[in-house]
Amino acid sequence: MLLEMDQITKKYGGFTANRDIRFNLREGEIHALVGENGAGKTTLMRMLYGMEQPTSGTIKVRGREVSFATPSQAMASGIGMVHQHFMLFPSFTVAENIVIGREPAAAGVFDRKQAAAQVNELGRKYGMPVDPWKKVSECPLGLQQRVEILKVLHQGADIIILDEPSAVLTPLEVKELLANMKSLAKLGKTFVLITHKLQEVMDVADRITVLRDGQVTGTLEAKDTNVEELSRLMVGRELVRLNKQPSVPAEAVLQVDGVSLSGAKDRSALKDIHMEVRKGEVVGIAGISGNGQSELIQVIAGLRNADSGRILLSGQDTTNWPVRRIREHGLAHIPEDRYMWGAAKDASVRENGLMGHHHRLQTRGVIKAKAARAMVEGWIKQFSIKTGSAETKAQFLSGGNLQKLIAAREFAQDAPFLIAAEPTRGVDIGAMETIHAELLRKRNEGAGVLLVSSELSEILQLSDRVIVMYEGEIAGELKADEATEEQISLLMAGGKERI
Amino acid sequence: MNRVKETLRGLVQPVLAILIGLLAGAVAILVVGGNVLDTYAEMWKGAFGNFYFFTNTLARSTPIILAGLGVALAFRAGFFNMGAEGQMILGGLSAALTALYLPGPGWFVCIAAIVAGILAGGIWSVFAGWLDARFGMNLLITTLLLNYIAIYFGGYMVSYPFKDRTGSAAMAQTPMIDQAVWLPKLFQGMGLHAGFIIAIVAAILIYWFTHKTVTGYEIRMLGSNPSFATYGGVRRIRMMMLSMVISGGLAGLAGAGEVLGTQYRFLDGSLSSASYAWSGIMATLLARSHPLGTAVAAILLAALQTGAMGMERNTDVPLEVGSVIQAVLTLFVSAQIGYSFLKRRKEKKSNAATV
Amino acid sequence: SKDEQSAQGGESEKSLRMALVLPEKIGVNPFFVQMDEGFKKAGEEFKVDTKTIESTDPAAFEQNLRAAVAENYDLIITATFQAEDALKKVAAENPDKSFAIVDTTVDLPNVRSVGFREYEGAYLLGAAAGLSTKTDKVGMIAAMDVPLIKKYTEGFKAGLESVNPDAEFLVNYVGGFNDVAKAKELALVQFGKGADFIAGASAVGDLGVFEAAKEKGFYTSGQDTDRTVEDPEHIVLSQLKSTDTVAYQTVKDFVEGNFQAGAVNYGLKEDGVGLTFVTRDSESALSDFVGQEVIDKVKAINEDIVSGKIVVKDPLQQ
Amino acid sequence: MQQLFDAAMFGSTLRIMTPILLAALGGALCSRVGLFNVGLEGLVLIGAFSAIVGNYLFGNVLLAVLFSIIIVMLFSALFAFISINLKANAIVVGISLNFLATGLTTFALRAIFDVKGAYYDKDMVGLPKWDIPLIKDIPWVGDVISGHSPLVYLGIILVIALQFYLFKSVSGFRLRSVGENPIAAQSIGIKVRGIQYGAVLMCGILCALAGAQLSLGQVTMFTEGMTAGRGFIALVATMLGQANPLGVMGSSVLFGFMEALSIRLQGFSLPTHFTLMLPYILTLVAMFFFKDRTYAQDALKAGGSSR
């Protein structure tokens, strides 16, 4: 065995993120690590990479017991990690990003030419060419991913951990990445691949380890298993299909009419978008993140101004209106990034819940404190939000509980149109079911819901119609009950044909 | 219960900082060969020794409270307004000029002068806000620079066009304001004037404004997370301008209060040499931008200053011990000693419980 | 009651307590240094408890003044224009207390005011400079562009013009009382423009002017006390102002029961202001740059001012 | 006009610029590791004071400067400790440091020298004035360039050295990486805290030199508050120069030049208040034109998280 992790336990205070984990790697294999959000995948790998120390348990590399206090020590043992969130220096060049920490130098002077040569050589050797002189901030995400992998290779790693490498990539880039992994594995490199996309796993992995609630529920050979078995191991039960009655769409509540928006570097973020959402239906937007979904939401919600085109909300042209007017005209919005858009961390739960309701709950400019508190406390009960009290600061809530608070706040807006962007990101199954049920209830009550999600399953479960976005355009539209994952995936990857 | 606990937790930090400050002061006292207890006793007497000294302390705290409130509001909205000094000077100058040249009954002119002070401070402050919003010029730096400009401008105005030419005419100052316009003293023969009441009312109002009103809520959310506020429909630029206006207006009010209640004229350098604005910033930092806390902290700082004066009058320990204490306690107040210390203890305890 | 207490607490005979409350820090400002010295000297001589209280800013000064009243001193002496406003208020509110103020006038029945006519001294200095300069360019580094300083700049200018109408007068302002580096820089600039005599009138900043003189070899002068002793080669003159005498005299008068309210004014005639070598001798030797001949001429001017033949205009009374 | 732009004027530009430049370089280093140091004013003041104390103790300028460096490093270590280890907001710590410096120097002036306001000893020897052999004989250039204190030349050399260090050396590259993305730097084993400490301590050295230039170079004495806002101007120069040594040099020159010019302009019948105001107005104007947001945003970031 190249690497063995045995009886690994990691505790954060009273919370156990990993419990008695056994995990091993064979030389030259691609080993997938799967599990739900918060299952403990990243935690396990951070311990392997020396960023965290196990509470108990042993790690052996090539039979020798090791303990890593810092990433540098792990690196010295040939372990490299590409993190879930990229660890790059945007204003530095590709070469600088790759060689950092192991810079070629003469008498302390950084030899950039030499660095570029090394990077070119590395790219040639592993079949992943890059332009060493380009600034990383100017590289597309796929290239940045490649830079991350080259960095790890430059560090001389034999064991490479990839934490959700494909979450932000286009299908083409994913394909390339997987191909690269396979060829590197042939050259003797060993991979740990963390991902939520089980199809990817089936495509490249040799073996698969499944985590649930911080424990291993199985380690399988890829050829002996299938996606269904994996999901059962991950979730612990068969996934139930939500009980969804057929929709009775009425008139349009949102009409997007030829909206365009220019993005960075003369690429357009949105190109001539036409779509509508009717009352009483859920329209899902699928697509790999970064294909214009965020921009579309922001334009609809008034957070960005469209360059051209019109947006009609309940028949009224609300293009480029200020946010507050749009909201008051009838829009609720669960934002995609709860920490960036959805909450103020150092404000209390009550204050976070008040946002958007504060113009309603007032008399002559003074907030009705009692009513506001009662409202928020009601949600805490209804959605069983775990919090000390309504006065607890939002930063002390777990991600899922904060998400529930935000969802509750937006469900309560009483608007005929709701944007739900990644409404269940990082949320546990129970809360997910609550939120899904609420979304459908909203629909059944006659509101229009625009659901944006990078989880295909979520889209398929909830939507009445599915729109797929690719590179700022609508690549296709499907009826949900007719759509298959394959069709959607094809559209997400840029397959143009309309179905 | 939870609330009490959180308030207590909030107090750990300042109390620790005060202790460290007093400790530093004690070291300084020992260095110059003073007796720590006697010296601190003199300091206490100088600040709170009797009613007279107590009112003295409150009088000194008046501009500090107001300037501090202004800074606190800006901080709450997320803007590092370092321009309280300049805003205060222009506020004081405008108040003095209005008081001198506006005809009308005393009470009316007095109110008009206060309003003029508020407006001048507010405009100067919102100018910096505008430079930031419109041209992206960093507020922290522009407000610092605008201070110097205000100082020299004020100096020019009272050295040339509006100089006092009566009496000895030796000072760069405006003529004396008519007695009818003065802010009344609260007690005969003592320095404390009605400005203190204005300051306390302002502290309560600002507290009420930030914590109870819709606009205050929006300002606080803007300061906590601008993106969140924008998402919720808060108009960032408008709220920024509003909070900068109020912030500068309060600093202007501080200047107006000093002019109308203590000096009865605008005297070049009198507002900056007393470091009211900087003390106000310190008070805000001590209170973590809480309006009522800022008022309390301002009184505490004023007490340190008047106490240090008393100490210097009656011992051989120099006045600067007071500023050393002040500086050290602000230095440590934002340090997370209390919190991380507590947290570490808690973590250890829970580890012990689970392992 | 407090009064009685302190009286009882003292020796058998009641000793007087006097406070010198200053609106600024004494620092190295010779005006205050001298005054404090004179005050303390009188205190020792006449067995008076003396206490000197300094202040950092105008509001603090008023508080200190009030505190001195509250702490029940028999006589409270203060100084300069900066003290005027506060003293007017405090003295009016405490008519049974005795006050004295140096360097300005406060017209109240319980205040004795002692003023100076510095512009007369400055006039002599300007004349001496005008007679001594070889380049016909003389300068002055003044603290701030404020009216008070005009007593120095305008008097100097008048004296200069009276003896040497061709001479060019350069004046620069430091913009503060403490910025020595800037004062020095300004002196260097004036030297660069050709001035061979540059008078210091910038309080602490004068130290910077002196340093520049030493470095570049031009001539300079100080204020208030005889600064020539510090560097006789370059600091060739000093304009005098006898605040020590005034403080001493005030204490003495009070102890001896001669203290009267009202204004007294010290100029050249009363020997309250002056110029080294002209109105008073100095320990240091006279520089050749000035020379005895110039001194004799300036002495004559001094006599004319004393006799009233020449009247130096008060720059603040325009 | 000729009189306005004479050699002496450029000479004074160099002198006026030096303390600002040195402190601003220190500020640039701090800002390069993600700590915005508002405490420059205080550090320079402590530097000026301890240089005088050192000179008084050892009677030797070199030892005096070394002494000053050690003392200021202690205070910058305090800044580093409170803002890095105790996670206090760097801006708040900087502001308090300024207060501490004002109080402490005044206090120590009295405790050590038993004087108030200023310490001055006419026998004290300041930094020498170096005449540069050949250059000093070149007519105009000699007047401008020759005859300054060694720290003036050191300042200029340091600009080049730091520019080289930051952009050519490995260690400078790593230092910049810390400011650019500390988490990423940490993840590849760069000692982020160590580098931050290093930069802050280096900033202490530079501020000590700036202070020594003020109290032993420009003049040979210490007066209370003798920095007179130069540290704040240095802060502005740091921002304006975008924490780039050459840029910092450019903005310091601009500021020194404006100040020298404003001295010259006093000769014309403009009230001095306006000539004194001029450098600040021009800095505002300069800010308007040079506003790369990167470092401004660092300051905002640091500022935004203070509550």
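Per-chain residue numbering starts at 1, and chain names A, B, C and D are given in the order in which the chains are listed.
Keep this in mind: a contact is a pair of C-beta atoms (placed from the backbone, for glycine too) under 8 Å apart; a residue touches a chain by one contact, two chains touch by 3 or more.
Each chain and its UniProt protein: A = ABC transporter ATP-binding protein; B, D = ABC transporter permease.
Just so it is clear, the model here is predicted, and its values are computed rather than measured.
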Check: So which chains count as neighbours of both subunit C and subunit D?
Finding: B
Next item on the list: Look at the interfaces B-C and A-D and say which one is made up of more C-beta pairs in contact.
Entry: B-C
Notebook entry, point to check: Most remote chain relative to subunit D, going by C-alpha centroids?
Noted result: A
Check: In angstrom, rounded to a whole number, how far apart do the mean CA points of subunit B and subunit C lie?
Finding: 36
Next item on the list: Compute the distance, rounded to whole Å, between the mean C-alpha positions of subunit A and subunit B.
Entry: 46
Note to self: I'd like to verify one number: the distance from the centre of subunit B to the centre of subunit D, where each centre is the average of its C-alpha atoms, in whole angstrom.
What the structure shows: 28
Note to self: By the touch rule stated above, which residues of subunit C touch at least two different other chains?
What the structure shows: 54, 145
Checklist line | Multi-partner residues of subunit B (each touching 2 or more other chains) | finding: 155, 159, 224
Check: Which positions in subunit D touch two or more other chains at once?
Finding: 271, 273, 276, 307
Note to self: How do the chains pair up in terms of touching? List each pair.
What the structure shows: A-B, A-D, B-C, B-D, C-D
Margin query: Going by the contact rule set out above, which residues of subunit B touch subunit A in the complex?
Written below: 2-3, 6, 212-215, 217-218, 220-221, 224-225, 227-235, 347, 350-351, 353-355
Notebook entry, point to check: Hey, which residues of subunit D end up touching subunit C in the complex?
Noted result: 3, 6, 8-9, 12, 15-16, 115-118, 120, 122, 129, 214, 218-221, 223-226, 228, 263-264, 266-267, 271-273, 276
Item checked: Residue ranges of subunit D in contact with subunit A within the complex -> 168-174, 177, 180-181, 183-184, 186-190, 294, 307
Next item on the list: Using the touch rule from the top, collect the residues of subunit D that touch subunit B in their complex.
Entry: 78, 82, 86-89, 91-93, 95-97, 99-100, 102-104, 106-107, 110-111, 229, 232, 235-236, 239, 271, 273-274, 276-277, 280-281, 283-284, 287-288, 291, 293, 296, 299-300, 303-304, 306-307
Notebook entry, point to check: Hey, which residues of subunit B end up touching subunit D in the complex?
Noted result: 28, 31-32, 75-76, 78-80, 131, 135-138, 140-142, 144-146, 148-149, 152-153, 155-156, 159-160, 223-224, 278, 281-282, 285, 288-289, 318, 320-324, 326-328, 330-337, 340
